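Per-chain residue numbering starts at 1, and chain names A, B, C, D and E are given in the order in which the chains are listed.
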Amino acid sequence: MPSSADLRALTPELIVAGAALAVLVWATFLPPQRQQILRWMSAAALVAAAWEVLVLGAGVPSVFSGMYARDGVTLVLQSAALLGALLALALAGDYVERARLEAGEFYALLLVAALGAMVMAGSRDLIMVFLGLETLSIPLYVLAAFARTDLRSQEAGMKYFLLGAFSTVFFLYGIALVYGVTGSTSLPRLAAASDTLMLRVGLGLLLIGLAFKAAIVPFHAWAPDVYEGAPLPVTAYMSVIAKVGAFAALLRLFPGTLHTQSVQWTGILAALSTLTMILGNLAALRQTSLKRLLAYSSIAHAGFLLIGVASGTTQGASGVAFYLLAYTLMTLGAFALALMVTRRGEEADQIADLTGLASRSPALAGAMTVFMVSLAGLPPTAGFVGKFYVFAAALDAGQTALAIVGVLASVVSAYYYLRVAYTMFSGEPGGDVTFAGDRWVAGALIVAVVGVLALGVFPAPVTAFVQQLEQALR
Amino acid sequence: MRGWPLLSILVFLPVAGAAVAAIVDRRREQAIRWTGLAASLLTLGVVLVIFERFAVGTPAVQFEERAVWIPAAGIAYHLGIDGISLPLVLLTTVIMPLALLSSWSSVGDRVKEFTVSMLVLETALLGTFLSLDLVLFYVFWDAVLIPMYFIIGLWGGPRRVYAAFKFILYTASGSALMLVAIIVLYLQSGPAGARTFDWLALREAPVAMPLQAWLFAAFALAFAIKVPLWPLHTWLPDAHTEAPTPGSVVLAAVLLKMGTYGFLRFLLPLFPEASRRFAPLLVTLAIIGILYGAAVSWAQRDMKRLVAMSSVSHLGFVTLGAFALTVEGLQGSLLQMVNHGISTGGLFLVVGVLYDRTHSRLLDDYGGVAALMPRFAAVATIVMLSSMALPGTNGFVGEFLILLGAFRAAPVYAVVAAGGVILSAVYLLWMYQRVMHGPVAVKERARVVELSRRELVLFVPLIALIFWIGLFPGALLSRSEASIRALVERVEAAR
Amino acid sequence: MTIPVPYYLALGAVLFTMGALGVLIRRNALVIFMSIELMLNSVNLSFVAYARQLGSLEGQVTVFFVMVIAAVEVVVGLAIIIAIFRSRDTVDIDDVDLLRG
Amino acid sequence: MNAFIEIIIFGAAAAGALVGAVGIIASAAPVRSALSLLLVLGSLAVLYLLLAAQFIAVLQVIIYAGAIVVLFLFVIMLLHMRTGEGRATKLPRQRPAAMVLAAAFLAVVAAVLRGVPSIPAAVVSEEFGTAQAVGRMLFTTYVLPFELASMVLIVGIIAAVVIGRGPR
Amino acid sequence: MLLILILALPLAGWLLNGLIGGRLTRRAVGLIGAGSVGLAFAAALLAAQQPAVADGWRVVLWDWIAAGSFSVRLGLLLDRLSAVMVLIVTGVGFLIHVYSAGYMREDPGYSRYFAYLNLFIASMLLLVLGDTLLALFVGWELVGLCSYLLIGFWFDRERAASAGRKAFVVNRIGDAAFLLGMILLALEAGTLELAPLARTAATIAPATVTVITLLLFAGATGKSAQLPLYTWLPDAMEGPTPVSALIHAATMVTAGVYMIARLHPLFARAEMTQTVVAVVGATTAFFAATIALVQWDLKRVLAYSTISQLGYMFLAMGLLAMPAGMFHLTTHAFFKALLFLAAGSVMHAMGGVIDLRRLGGLAGPLRWTMWGFLIGALALAGVPPFAGFFSKDLILEQAFERTQGSALLLVWGLGLLTAFVTAVYITRAAIMTFAPPAAHTGHAQRGHPHEAPSLMLWPMGALAVLSAAGGLLGSQVAGRPLLHSLEQFFTLEAHAAVAPATWLVLLTPAVGLLGIAAGYLLYRGRRQVALGWLGTFFERQWYLEPLYDRVIVGGSRWVGRMLADVVELRVIDGAVNGIGAAVGRAGRSVRAVQTGYVRNYAAAILAGTVLLLGYWLLLR
């Protein structure tokens, strides 16, 4: 039976899980006009969980018979997951109520997905990773199809689900092979295993499963379609939370567990990263839909993030963590703005719909510009610092070619991000397009802008924070 | 004022001005304009204080400020000024108020956004010239792109979008590789934990040769695109042509200097050996640029394009002086950076004055303007002569020193480059004649009126500077002499 | 143990491949889903076989969790397929192609 | 157990699984696919028994055969589905490509499996694979994943409620 | 102080007229313009009396450029050589300013004109007085600028504007060479100061001196309109005539001669350069004279004549007969200015008509002008006792002496031939202009041709006197004051001062008189004589002009267009845009991969799996 120490270490997860259940149950008793309470509850739970994560820190390397850890990786990546969930929640509320979606279920799924990502960050066992992955993915399948009468939402759910299930099987097969070789599913045991062909196939299959979640080429194809079809706040959420979960597992697995065999996999990850950056950025060049643009952008950023993993060093890992935080802020910020643009109450996801935003609301346009600049990796924003860290890690590891591809891909990305920024400042807005959001969205926007700029100008504290994960990986 | 962080004040004063301008009600355009002008003038005031207090005769970095920024990555907030950056800082702060003032007539919409963009741009430019930490430098360097992108893209001519993207993508491609090189430089600077991005420290221990050459190449590419060195220049005519007058002015006067400043600040001291080895290559490109830019200028029909191509030619001279690797050449190069800022900035203002009246940049649409605007014609003549490097104007001193330095390095450099001296007269006089001389051929004569008082104010400081530097270049040369001399010694020492 | 464990593993691999093939060549969403179930089962077979070979129960425990997850996936998947069928009157996966590019 | 019988049983079950697998992916009618799946599941349950996994075999019959396949059949009936693949395919090159890829995948896996030295299977106790043994592990070492799985189940319920619910 | 004043006075005139001239009355403008130069002349006269001049009177103004090991100060130097020039510039300049006050009376750009003119005087004085080669160069370029401004003074005429531009550009070609020569000198000698040049020149290797002097001489061919850079000067006649008189005859164009005189220690050490200078001078003299023979534009006749006479001066300089060269420079300043002013008077009277075929019969109405012109013409033709005789004779004498017995004697022959042609063409011009019958049928709008106002006549009178009597400066009769002073200055190896043979002394005037006679015979009665194919050959400027126009100007124009339209747009920018387009295309084709079909995506996953696993397995 779990000891009290075990349970103490699990407080954040328990809070989130409990909140999910509570929201679900309470929703059935609430009249529709009072659904707002659910939002507050969920938010409170996420804040509390985040608080707990920070309070608990990084001192418990093994709980639940070695299944779980509350170390640096857990601390940093759970923080990222909770930040993403909180911001996404702020974005979702208004939309959910406007579109008259089932709020209780929505928030519950959102919380469970967050729980999944958190679990992936803390797992020390492949079974836990698998369960975390499913805890993360299955709610996202459901959320993608959440607007169940909408053809596009259905299609998104269907594609995501089928391909997700397909890739999960590969992941599982990988676990099976690793288990067969090492006799265990535990990551520390895996670290001690010697390099055999069977193990390589097993690890390769694990990588495929995670690469799918992180939308890494060539396992990315679901992402643009699903992002476009899913309801906007869901897209926003999954673009962030799936990345956090997947990269948490990648960090645990590769630099964390297999650092002794890094020659084996760094080349492969570098190749995947290169492919991902090139394809993601190229495909984004000619998009007209903001959602789809951000989908390819999220693919491209997966490539940038993977640079940090491919470096195979702990600096690379903390770079990835910093980048994830930056990515969370800037992507959710951009989505917040996309959410505020509506045409007669409907989602208006074309880039052209942003035309003339600056003349209506210079503050919004300014904020969006900050996000775009940050996504393009230009200073003085978080995006720049994040890229700086991962490029530095790659160069330190001798992966010069990878870093060069990275910087050049960033230049290409500047084209489509700045096109968005430009659109807002040119011309006059279309008559039927409105820009509006409630206080939650505004709050999220402010947090994102301040965060992106603060991380860009004064990155030192956050750098120190994310570097706490380095001890856990060493 | 002793003990004040003057450089930080200098760098962030414009941004503070931008913040003030941002909170003024957007309908009060005049108030916003005055705010912008006041902020830029205040900045100029700070520079004048620094200029006055600047210790002549020492190559040391002065007014130094250093603070921890990102300790984990060895990045510091480190500002300082020496004889190399001082002239450019002065140039920036002189040009900015003029550019802002010129925007009063050429920029009519979204005044607030424009003013904010310009002031942010000024901060980024000053930061670029004053940073002594490579990452800080890079941050400012890249930060220049965004406001300039908007200035071209939002207030520019018909093909502004194309021009803005070309500008930003082209220059960003160059700087991307520089970022890689900066990081490699850092990684080479010592064992983990003792690494640094500090310019002063990196300067003391240049990296070994094969790598040095690669790093040199990456930096050089970024700078060469910015300069722009032939054949990497094609973003320039488009950007210049489409940008609004104040944008063109700042672009020509200051932005291009970032590249040549980079030569002096980073290429030569950090990669002395590679600089020596590749100097002939860069000089060759520079000389091709001198002749090519001039020849192409001559064939232009669009005035802004003509002036833009002339920049390619002029900056070829600057590059030539820099890679002559002699004190005279480098002094001339540095002085010519300032001179080009004044003369080409002035030329763009001249074109701007015409454009404000007729809304055409085509030579064919002009003729006989001197008869309608005699005072303007006189002003334009002086600016043109400065650009042509006529003795007595600033341009001559710079060009003469460059040719002298180049001749000392290798006579053939100077001999070929002297062709540029001839050609600059060819295309400038040609333009001048097409616009100013001949029978009056402008379409709406009534609109071609003499310079207003405000416009005159634009040119007075430029003309004063043209003659001041032309006759008393010592004020600038003496301040940079020690730094340049130390630089040359450093390059000489690395054999 | 007369039959060596690798036989089971080989069978698992073959079944896995056939499942994958089914996913790729079938257009009926339900059948695709069944193919995925086939793959899951082949993985389970491998787990159990390894568990037997290693004499460790972990493999079997894992299979338990896989079954649970599989059950949930079936519920979610069938729900989505039903929703699609309701609005489009088809479960041909090739007709679900609104989103592309 | 008699070795001969074991071989017979293995052969029959393996054959059943393979035939079932072919049935799933080759049947024109979804119902036949579902029934083929049932065949596979049953065959595997037999194999689990051979592998000393009684508890898993039982679960296989109850959960998979009993619940999941029935659910599939339900849906097939509910949707009155015929093949759904009547018309000519829009992706003519998909099938040959799939064949090649599947063959390549199998080749990779086979190559690796062949290279693994055959270790004799461990000697296991009577206890191995019983409900008690597996259950004990579930509630000790694996209590955390066990609890987590429950959360996933709740998601399944939500999905059924939200998405399965008809249009408003 | 006095030195500075010489320079400052015209500068002040420029500033006054340039900045506030538009608000002053014409009388005030004229007064400032001419007055400042007049005062400068007075100051120059005073200064020239100072004893310090003998050893070089130097005033340092301020440190100008200092960088590395190069440094130069800005200062003024008045010595025997510059004193001559200063007096010519301010003296002739003053006269022409006065003339201009009348000539330009009705021009709307009156104050601008005087501002330019004053600036020119200041620049010319800087050229002359500069104590470093760099200061000389500053003046050198500034006079070029003023020349440009004044040639294109009537800028609304396309031809005038183009002529100004041509002058500037052609000069720039020479200036670039000058600049290089100066830089080489600075690097070799370590200084650009003129005073110690005699000393420092000796330290430079002879070959280097040759290169330096050749480059500097190339500069001089531009400024002084010698072959091959002569082509701008005839076109420069588009400017107001007093400008032609002052800049393009008396002062600026002689700057090249002055420069060589100034740098004589260098040129004295470069024998090859000397030969080049002499040959170019002689050739140009003859070349331009032949062209002058067939010009129909009076001012162009004078322009080619100027080129020709400058050729004489270079001939002298090349043979190191520097005092003679400077002497001819002086007399030429007098009589050529006079000729131009007379031509200006003709134009003034004829409402701008200058075509010899449309003139004629002006002897009556323009009596005073005619006398002035004739005096100038006789001086030019080298008829004793007019000024030109003394100087030209001296040059030819010394040329004969110094080239005797070598192939270079040819230059003397050319000089002599030129003297003949000179007499012919100036006779032709005089006849065509003043002799009856009149080709003009009166000018309806202006009535009959009338004599110039006194403001124009007086300066002509003064110059006529100088042209007539200027020879005294170098004549034994008056004690050769000018030549004496200059001979003391040019410390060249002493040529034995043998008295020239009598036949040699008489040869030049004889040839001149012969030329006058020939001219009279040819052109009497204002016959328009075509010289057949030779005439065409001369008229086409020996086919040099078409060569320049088509090959050099047209060619470089074509190169420019080619670079701009093809290389720039298609090749370089084409490559840049091509990269952009390729990326864009790649983006489109990458999008096409995203088919929307789940099964394709699944296939991609399986394919990725196979590749990834295959790669990993094959990895070492």
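As a convention for this text, a contact is a pair of C-beta atoms (placed from the backbone, for glycine too) under 8 Å apart; a residue touches a chain by one contact, two chains touch by 3 or more.
In this text, all values refer to a predicted model and were calculated from it rather than measured experimentally.
In this assembly, D is the chain whose CA centroid lies farthest from the centroid of chain E. The centroid of the Cα atoms in chain A and the matching centroid in chain B are 42 Å apart. Note: centroid distance chain A to chain C, computed from Cα atoms, is 26 Å.
Averaging C-alpha coordinates per chain places the centre of chain A 31 Å away from that of chain D.
Centres computed as Cα averages put chain B at a distance of 70 Å from chain D. Shared contact sites, meaning residues of chain B that touch two or more other chains, fall at 169.
Of all residues in chain D, those that touch two or more other chains are 90-91, 94, 97-98, 101-102, 105, 108-109, 111-113, 116, 142, 145, 149, 152, 155-156, 159, 163, 167.
Across the assembly, chain E contributes residues 591, 594, 596-600, 602-603, 606-607, 609, 613, 617 that each touch 2 or more other chains.
Per the contact rule defined earlier, chains pair up in contact as A-B, A-C, A-D, A-E, B-E, C-D, C-E, D-E.
Residues 3, 6-7, 10, 14, 17-18, 21-22, 24-25, 27, 30, 33-34, 37, 40-41, 44, 47-48, 50-53, 55-56, 59-60, 63-64, 67-68, 71-72, 75-76, 78-79, 81, 83-85, 89-91, 94-95, 97-99, 101-102, 105-106, 109-110, 113, 116, 118-124, 128-129, 133-134, 137-138, 142, 145-146, 149, 152-153, 155-157, 159-160, 163-164, 166-167 of chain D touch chain C in their complex. Of all the residues in chain D, the ones that touch chain E in their complex are 90-91, 94, 97-98, 101-102, 104-105, 108, 111-112.
Within the complex formed with chain A, the chain D residues making contact are 108-109, 111-113, 115-116, 139-145, 148-149, 151-152, 154-156, 158-159, 161-163, 165, 167-168. Of all the residues in chain E, the ones that touch chain B in their complex are 18, 62-70, 74, 112, 134, 137-138, 140-142, 145, 148-149, 152, 155-158, 161-162, 165, 168-169, 172-173, 175-177, 179-180, 183-184, 186-187, 556-557, 559-561, 563-565, 567-568, 572-573, 576, 580. Per the touch definition, chain E reaches chain D in the complex via residues 597, 599-600, 603, 606-607, 609-610, 613-614, 617.
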